[in-house]
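Common to both upcoming complexes is subunit A, partnered first by subunit B, then by subunit C.
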Partner chain A sequence: MNEQVAESEGVQLDAAVGSVEQACQALREAFPGKVRPDEREGYEGVIVDADALVSAALLLRDELGFRYLSSVTGVDYANDGLLESVYHAYGAESGALVFKVQVDRGNPEVPSLVSVWPSANFQERESYDMYGIRYAGHPNLQRILTWEGFAGHPMRKDWREPYYEEDHKPFKTRHPDGGVFRAEDRTPFGRNVQYPPGFDPEKWEDTAQSSVYEGLMREVKEGGLQTECITINVGPQHPSTHGVLRVVVVLDGEEVVDLMPVLGYLHRNHEKIGERCTFPQIIPYTDRLDYVCSMSNGLGYVLAVEKLVGVQPPERAEYIRVIMAELTRIVNHLMAIGFLWNDVGAYFTPVIYAFNERELILDLFEMVSGSRMMCNYMRVGGVFEDLPTGWMEKAQALVFDRLPRFVDEFHRLLTENEIWRSRSMGVGILPAEQAVAMGATGPLLRASGVPYDIRRVEPYSIYDRFDFDVVVRHNADVYDRFLVRMEEMRQSLRILRQAMSQIPAGPVQTGKKNWTIKAPAGEVYHRIEAPKGELGFYLVSDGGSNPWRYHVRSTSMINLTPLAEMCRGHKVADVVVILGSIDITLGEVDR
Partner chain B sequence: MYGLGILKGLSVTMKHFVNTYVDDIKWGFGKRYTPGVLPARQSAEARGVFTVQYPEEVLPPQERFRFVPFLVYEGTDEERQYRCTACGICAKACPPQCIWIVRAKDPETGKPLRRPAEFYVDIDICMNCGSCAEYCPFDALKMDHDFELADHDRAKHIYDLQQLGQPVEYYAKIRPTYYAAEQEAKAAKADRAAKAKAARREKK
Partner chain C sequence: MTEELTHPNIPVPEDLKGTVTLATWEKFYNWCRARSVWPMFFGLACCAFEMIAMATSRFDFARFGMEVMRASPRQADLMIVAGTVTKKMAPQVVRLYNQMAEPRYVVSMGACANGGGPFKEGYSVVSGIDKLIPVDVYVPGCPPTPQALIHGFVTLHKMIENTKYKDMKWYHNRGQGEEFAIPVLGPDLFDPRQNPLIQSEAAKTSVATNDSE
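So, the complex of A and B:
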């Protein structure tokens, strides 16, 4: 397979014209008076007036080369009476250009950027859902994580959850007079239900469901047999949706006419929980995002916090982090491929073989961190503890011997299988242009011929020290995504071999670990190449020990944006295969 | 030839099938449930498919394995001397805030004492993150290895001081390296203190 994998070929994102500063300058010149630099202490980028937003975005995308919009989110500056919509755009090799729109909290309306960057679609819906910012011109501005009819916008600072105690942990009732209680005893269910004013449960009709169905395209074919489309729901408990994902599919016969993922069945408002916690207290919660890759999640988060407070972990800790992150990538790809095969119908043989190896890696995780899946291993300025005796020998036996052999064997088992090829080749095509526009990242993007890997474009931690290839394939179908993952396992092993032979001795923590730290006021966005794609953390600090805003740019959710595009025209049985090839975890989709 | 790819794949399946039995013979038929065999069968050398027949077979947890905290006490079961000083750091550090502590008070003066009167952990809320044990400055609270806590009655899942307490021998048993390191540190500290005392005495 190696000869087919070429680096730095294929469609490139257009190189950004000049640096981020120059782009900001160009924006200011093009829209005098409407674009001004964000001068708050610790903030970056520009603030754009709402009426100039769309034209500024077009300028950014078409003239300045920022063709990829990574993240869209809201922030509630309740004390200033403002809601802010924050955007992070990237060019091929540039850093992030941050631009913001500030609107009045009472009447928050911002023009939608879906027409410029379709990747904003789900993210604007999320921001609308969480903050009530209305994105004018959005094709389908509905709630996405909560249900239509939910009262209030949960991420606003004045919204309080059931069992609310205090704004920030630690709660005062725990010590020194900790009167123990169970939350559900304290807030009886009856008093926990609130109806919006004027609401009559008797007369209520569930418009949420019909609005889901109405949003879908129903096209009657010209000529031929006149047939009627049917709408079916795949999920939310369907085994091949990999969790509680619901996909509403409109079918013409067996052919998919349109489709929409309906999210939020696993929503627990991770971000609100995060804003109640101190910075280090969030780390164990990040394990529960993408529960297959807890090490990577933790890494992304602590890197963001480290950027905010300005600490540098010691050398040894950096190496340990890379080793853990790459082991996680192997675990993830093993599972992704195994379950993709389940979706095709090769029931559980590949999964069981993959799980053998995963089991051995999880043993290693348990040895260092104390838990197989919820590792909670990364710390701000280091890692939880040094590797225990015997760990390195065990890990090296795996990395140098067993796993390379296994990947070869997995290839023998799967790659040339004719049934698999006929089910996956030419299925779920996502052209490069669209992949970039829709914000696809990770193996999904690289299988579309775009050699974009954050470990290479914007190296974090110590990834600039290792030799590895960015795996690219060009057919943009399910088969290529499978091959990209296969090859990425080999590349991860390559990084692991280098890291394991170079790792120095020394401490694993800078300074003293603490359960609470103070961060200077400001904002920070940090993204990493998680196994599933780009995982970003956006933090705003007001100078206290809790984040004012904590946002996760969820890979899995944004990678679902092109699902409809990829499925149109295919048979209904292909939907599960295409979904499997995206590789999502619902813990991260719904947060 | 069409079907060659499938045959190639089936050869791998066949190999695993045979290897699973070879492993079984190697590690001994009938010895399946004996401790000691399991780690070998689960190691990187194993060639076949390894599935653990839980609950007959239970994988031994690693030393760092963590599941629900316990409080270390010295002395006997009747005369428990908890190491905990009721400083409250674990309760503050706990991310889901599932630790409740009542500090003991001197019955006469009403002054707070350095020990807990009550100590609760709601193990239904506990996410087994280990923060409490990590930040406890007195080595008074450690993470347990026992994970079979299912129960019919949820009300029993708020553990009190009695249920949380474990003798220091238990701690030494499940976390030997940590315990040894702790003892060493303590001995070194005592040694330093003794030397300092001796030095002071000499000066006088």
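So, the complex of A and C:
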């Protein structure tokens, strides 16, 4: 397999012309008076006037080389009466260029950037849903995480949930006296609900369902047999093992004409709850984002906080973090491959193989953290505890001996399988250009021939110390995504072997453990190469002990953007396979 | 195995012990049912992963006659509510439950399904599935370990074994189950059973503070 790993080849994202500062300068020169530097304390980038946004974005993309728009989100600066739409764009090797549009809270309207970067599609919808920012020109501006008809925009600072107590934790009812009560007892309905004044349930017209089908394409065919398209729903309850995702598919016979993922069936208010929590209190919630990869979610989050408050974890902790993150990557890829095989019909046999190894890795996690899945292990400035006695021996036996053999065995069992090859080769093609434009990251992007791995282009933690290859394949189909994951497991093992041999002794925490941290005012965006792709955390602090804005740039959700592109023209049975090859976790899609 | 079933007051002749058992029909019937519970293949969130782990080699719930997981509610006896029930998902969960034929059971797996769990305070999470459908066994944990879930199943099996005919409503009306009200996605999730309460509360307008946009 090694000759297939080619780092230097492959379609490159165009190198950004100059640095981020130069790009900001160029923007200011091109749009005098409309683009100004963001001069708030602790902030970076530029603020763009709404009317210049689209042309500025085109300039960024076409002239300055920022072809990849990583994240779009909203922030509510309620005290200034402003809503802000925040964008993070990247060139091939540049850091993030941050640009923002500020609009009045009363009439928030921002031009949509979907025409420039299609990756903004779901993210703008989310920002509309959560903040009510209307993105003018968006092809399908509907609610995405809540439902059409939901009252209010929940992430706004003055919107309160039914069980609202206070803005910030710890709540006085519970701390320091430890009061206990049932939140249900405090609302008239005994449930987690509230209704606008004068609401009459008898007269309610349920539009949540019908509105979903708007915006789907129905092909009008020229000549030939005129057949009628039918629309079917796959999910949210469906035997494929990808959670509560619903996909609306328009079919002509068995052929997919159009398709749209309907999200939000696992929307758990991660961000709203996060903004109520103190910085360290968020860590256990991050475990539940992508629940297959709790360790790397935690890593991404604490790195963001560390960047904000400026702490450096000790050496040993850095190594432990890398070890945990790479073990997580192996677990994730095992799951991804196992479930992908479920989708082609090898019902549960590969999964059982994969779960055997997963159990062994989970044992390691349980030893260090006390929990198999929800580890809550990373800490700002280190990790929760040092490795217990006997851990390293156990882990080394796995990493040096058992897992390499297992990956080879898995490879031998699966890769050459005739049925598998015919079901996956040439299915779900995503050309490199489109992958970048639609914001695909992780194995999905690398299987499309783009050697983009954040561990390499923007190394975080201590990834610059290890020898590993960025795995790239060029056929951009389901089969290649499978191969990329197979090979990435080997690369992870390679990193693990180095880390386990080099790990120094010493403390695992800088300073003392704290349940609350004060961060200086400012914003920070930090991204890591999570097993599924780019996982980013955007934090805004107002100088207090909890974030003013806490946003997760969700890999899984944004990787769903190209799903329709990949499925059109294929048979309906391939939809699930293509979905499986993206590898999503609903906890992270919906948060 | 035969000892397990044998009625304490009916003696089995010594030479037939081990081959013949004398039990009440009720006991035998329940004994069979408890050993062939088919769960619905249905996961909601993180807990579903531990549910799958429980199904694979290390824990292997085939030992309890439960390995036949059915994706269709019509063929399933047991709904394992594995994960967070969000408001958007709640109507589907109730609908699935309604579609199951009696006898049907519900195991609520994990803190979220039991009462909202870590996300209870959020605005779009149902504070426990038992607000909408009846639950037979609650399994605590976040997520419950596979062992804990198995303990939940064993508890369910005991419960099934101890059911009396006279309490099996479905046995007398040919498996017809009760239909539960399907909640509706309005400005917030509402349960039609609560309509009068909602109307009377909404009439006291002054309470709401949210912006109405």
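By our rule, the second predicted complex is superposed on the first by the 568 of 591 C-alpha atoms of A that agree within 3 Å, B and C clash if a C-alpha of one lies under 4 Å from a C-alpha of the other, contacts with A are read in each partner's own complex, and residues count from 1 in each chain.
Here is the rule we use: a residue touches a chain if its C-beta (ideal position, glycine included) is under 8 Å from a C-beta of that chain, and two chains touch if they have at least 3 such contacts.
Nothing here was measured: the structure is a model prediction, and the numbers come from that model.
After overlaying the two complexes on the shared chain, residue contacts for A:397 are found with subunit B alone; subunit C is out of touch.
In the superposition on chain A, A:204 makes contact with subunit C only, not with subunit B. Applying the stated contact rule after C-alpha superposition, one finds that A:244 touches subunit C and leaves subunit B untouched. In the superposed model, A:513 lies in contact with subunit B only, and not with subunit C.
Touch criterion met: A:147 reaches subunit C, while subunit B stays clear of it. Using the contact criterion defined above for the overlaid structures, shared-chain residue A:267 touches subunit C, although it does not reach subunit B.
By the touch criterion defined above, A:291 lies against subunit C but remains apart from subunit B after alignment on the C-alpha atoms of chain A. Applying the stated contact rule after C-alpha superposition, one finds that A:82 touches neither subunit B nor subunit C.
In the overlay built on the shared chain, the residue A:356 is in contact with subunit B and with subunit C. Across the superposed pair, subunit B and subunit C both touch subunit A at residues 165, 183, 284-285, 352, 356, 359, 374. Note for the complex: subunit A touches subunit B at residues 165, 169-171, 173-180, 182-183, 277, 280-282, 284-285, 349, 352-353, 356, 359-360, 363, 366-371, 374, 376, 384-385, 388-389, 394, 397-398, 401-402, 409, 412-421, 513-516.
Across the complex, subunit A is touched by residues 41-46, 48-50, 52-53, 56-58, 71, 83-84, 86, 88-89, 92, 96, 116, 118-127, 131, 142-143, 145, 184-192, 194-195, 197-199, 201-203, 205-213 of subunit C.
Across the complex, subunit A meets subunit C through its residues 132, 145-147, 149-154, 156, 158-163, 165, 183-184, 188-202, 204, 206, 208, 236-239, 241, 243-244, 264-270, 272-273, 276, 284-285, 288, 291-292, 348, 351-352, 355-356, 358-359, 372-374, 586-587, 590. Per the touch definition, subunit B reaches subunit A in the complex via residues 2-6, 8-9, 11-13, 16, 42-44, 49-50, 61-66, 86, 88-89, 91-95, 97, 99-103, 112, 118, 120, 122, 125, 127-131, 134-135, 143, 158, 177.
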